[in-house]
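Contents: one structure, followed by commentary.
As written, the chain order gives the labels A, B, C and D, with residue 1 at the start of each chain.
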Amino acid sequence: MYQRLHPLPKKAFPWFIETQLQWTDSDLYGHLNNVSYLAYFDTALNMALVEHGALDPTPSGQGPIGLVVQNGAQFFAEVAFPSRLHIGVRVESIGRSSLTWGFGLFARDAALCAARGYFVHVYVDRDTRRPQPLGPSLSRCAEALFVDPTSDPATGQ
Amino acid sequence: MYQRLHPLPKKAFPWFIETQLQWTDSDLYGHLNNVSYLAYFDTALNMALVEHGALDPTPSGQGPIGLVVQNGAQFFAEVAFPSRLHIGVRVESIGRSSLTWGFGLFARDAALCAARGYFVHVYVDRDTRRPQPLGPSLSRCAEALFVDPTSDPATGQ
Amino acid sequence: MYQRLHPLPKKAFPWFIETQLQWTDSDLYGHLNNVSYLAYFDTALNMALVEHGALDPTPSGQGPIGLVVQNGAQFFAEVAFPSRLHIGVRVESIGRSSLTWGFGLFARDAALCAARGYFVHVYVDRDTRRPQPLGPSLSRCAEALFVDPTSDPATGQ
Amino acid sequence: MYQRLHPLPKKAFPWFIETQLQWTDSDLYGHLNNVSYLAYFDTALNMALVEHGALDPTPSGQGPIGLVVQNGAQFFAEVAFPSRLHIGVRVESIGRSSLTWGFGLFARDAALCAARGYFVHVYVDRDTRRPQPLGPSLSRCAEALFVDPTSDPATGQ
């Protein structure tokens, strides 16, 4: 019923963050809880925005903020503590006031991601929360990180 | 690119939990963070399993456990602290060893849900983590909570 | 080396919230993770402030906010999913611009709390983050919730 | 009423992890939530155990596990997204079946920690949850990370 994704290699992502799996993100089943993967994606997305000059998250920051209108993930392998994590980030489609972000979470040196995810961001005025067209900094960020998903290598499980 | 959902009223869900929005689940933007909605869905799903006799989450528990292979959510309205939350739960499709769960998160007395979500659970042996056919307790639980999504009222925004 | 607390009964607390243990707050050891207890305390503290008219957490809110300068907890019993939680709240000491809050987390119908905690809040101007004397609404809230810890029943384990 | 700690420099800690501040760990006040600091401490503690051969966190792991009987933190400076975090770890006292762990959280290149914390761990049998004397691997880990807190440099604020 819901769209299926397939695992991707690191080369499908143009930009990464590296971080450490948190102990508290494992659940009763001894593995990284499914919901917590999306917290790593949210961090990677916002670091990509900040490091590309497209978001100032400080209280005095100006410019639009991104509200998530849709998110989701698909899981291919379990991840367990402790592990270094590499989170790949890309922009999969560019709308008038929205971006679709794609993510891959890689544990250590795995060839394929343990999970993929996506977030649809609508950019809004910080105060009125009304959608705004992408300005120059968001457009530059989106272009720098854009990967056409139709060019993905076929690695279907 | 990714499938869109529309908001639903409470009557679209046969079973609910009630809980309290956690202070730490709000983010820099002053609202419930998008990822945290899925944590409430995960709680609701596992309480539905436990209360229908289909999961024993204790260390000595027997029987299959559900691994999430796909999740996702769509967001219609912001939710802010403090708020009582009502999480509606239903089963949207029944497979041989899997169930698709649907959720709606309602803040206080809202007529329509602030967000919808879904989790696809594959039921596996607790030790081998190999998929198993749904046994009697999971089948009973699924039938008790099943709602055919094609019968949803049209409330599209 | 660090100060020890002993478990308390419900009557040691003048005010409570009731909530649901989140699935994601359990860790690898199959119980509520020690850190997550403090998230429930933070929620209870902020609900106590809001419901006593001493905090407006909305973006347009006025008046001081509380910054935590110290927190801590002591654990007496494990808590496991699923469980209703009752979080008791009290004010243990009242300073010029600070309050020391005390908490007890009770699982279901337990006679004694599974854990106790405390937060020291300094109240500051929302913008300058400089400490401010407690105003009338914070003082009223503090007096309504004050319990002298030296009057605690002796229940030491 | 509760014991006060003072901020420490990096040299007060013999061992560190480095990680990335998670977006979802900031709260309504635009800074790292007080509770989330303890989640970073929990990760650092468990990585120290694993990397010193004193904990096997996998389902088939043998040997004792540490249960937290007391935790706490003191906060000296706010930390905001995005930031690399360095978490310093040390053992502050060694008991028969318990260890007191001390932590310092450093944002980027700060000379002094933004927060300190402590966890008291009692080591128990994985199944019976009865306390056990520290075995050879825990004792070696504790000795490698031990720092006598009475030798701390005086940096009181």
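Observations
Simple rule for what comes next: a contact is a pair of C-beta atoms (placed from the backbone, for glycine too) under 8 Å apart; a residue touches a chain by one contact, two chains touch by 3 or more.
Keep in mind it's a predicted model, so treat the numbers as computed, not measured.
In this structure, the chain pairs C-D and B-D differ in their number of contacting C-beta pairs, and the larger number is found at C-D. Greatest Cα centroid separation from chain B: this falls to D.
As a whole-number value, the distance joining the C-alpha centres of chain C and chain D reads 22 Å. Note: centroid distance chain A to chain D, computed from Cα atoms, is 29 Å. The distance from the centre of chain B to the centre of chain D, each centre being the mean of the chain's C-alpha atoms, comes to 35 Å. Contact of a single residue of chain A with at least two other chains is seen at positions 23-24, 28, 30, 33, 35, 39, 42, 57, 81. Contacts from chain D toward chain A in the complex involve residues 17-24, 30, 39-40, 42-43, 45-47, 50-51, 57-59, 80-82. Chain D contributes residues 1-4, 28-29, 33-35, 38-39, 42, 57, 65, 67-75, 78, 92-93, 100, 118-120, 129, 149 to its touches with chain C in the complex. On the chain B side of its complex with chain D, the touching residues are 23-24, 26-28, 30, 33, 35-36, 81.
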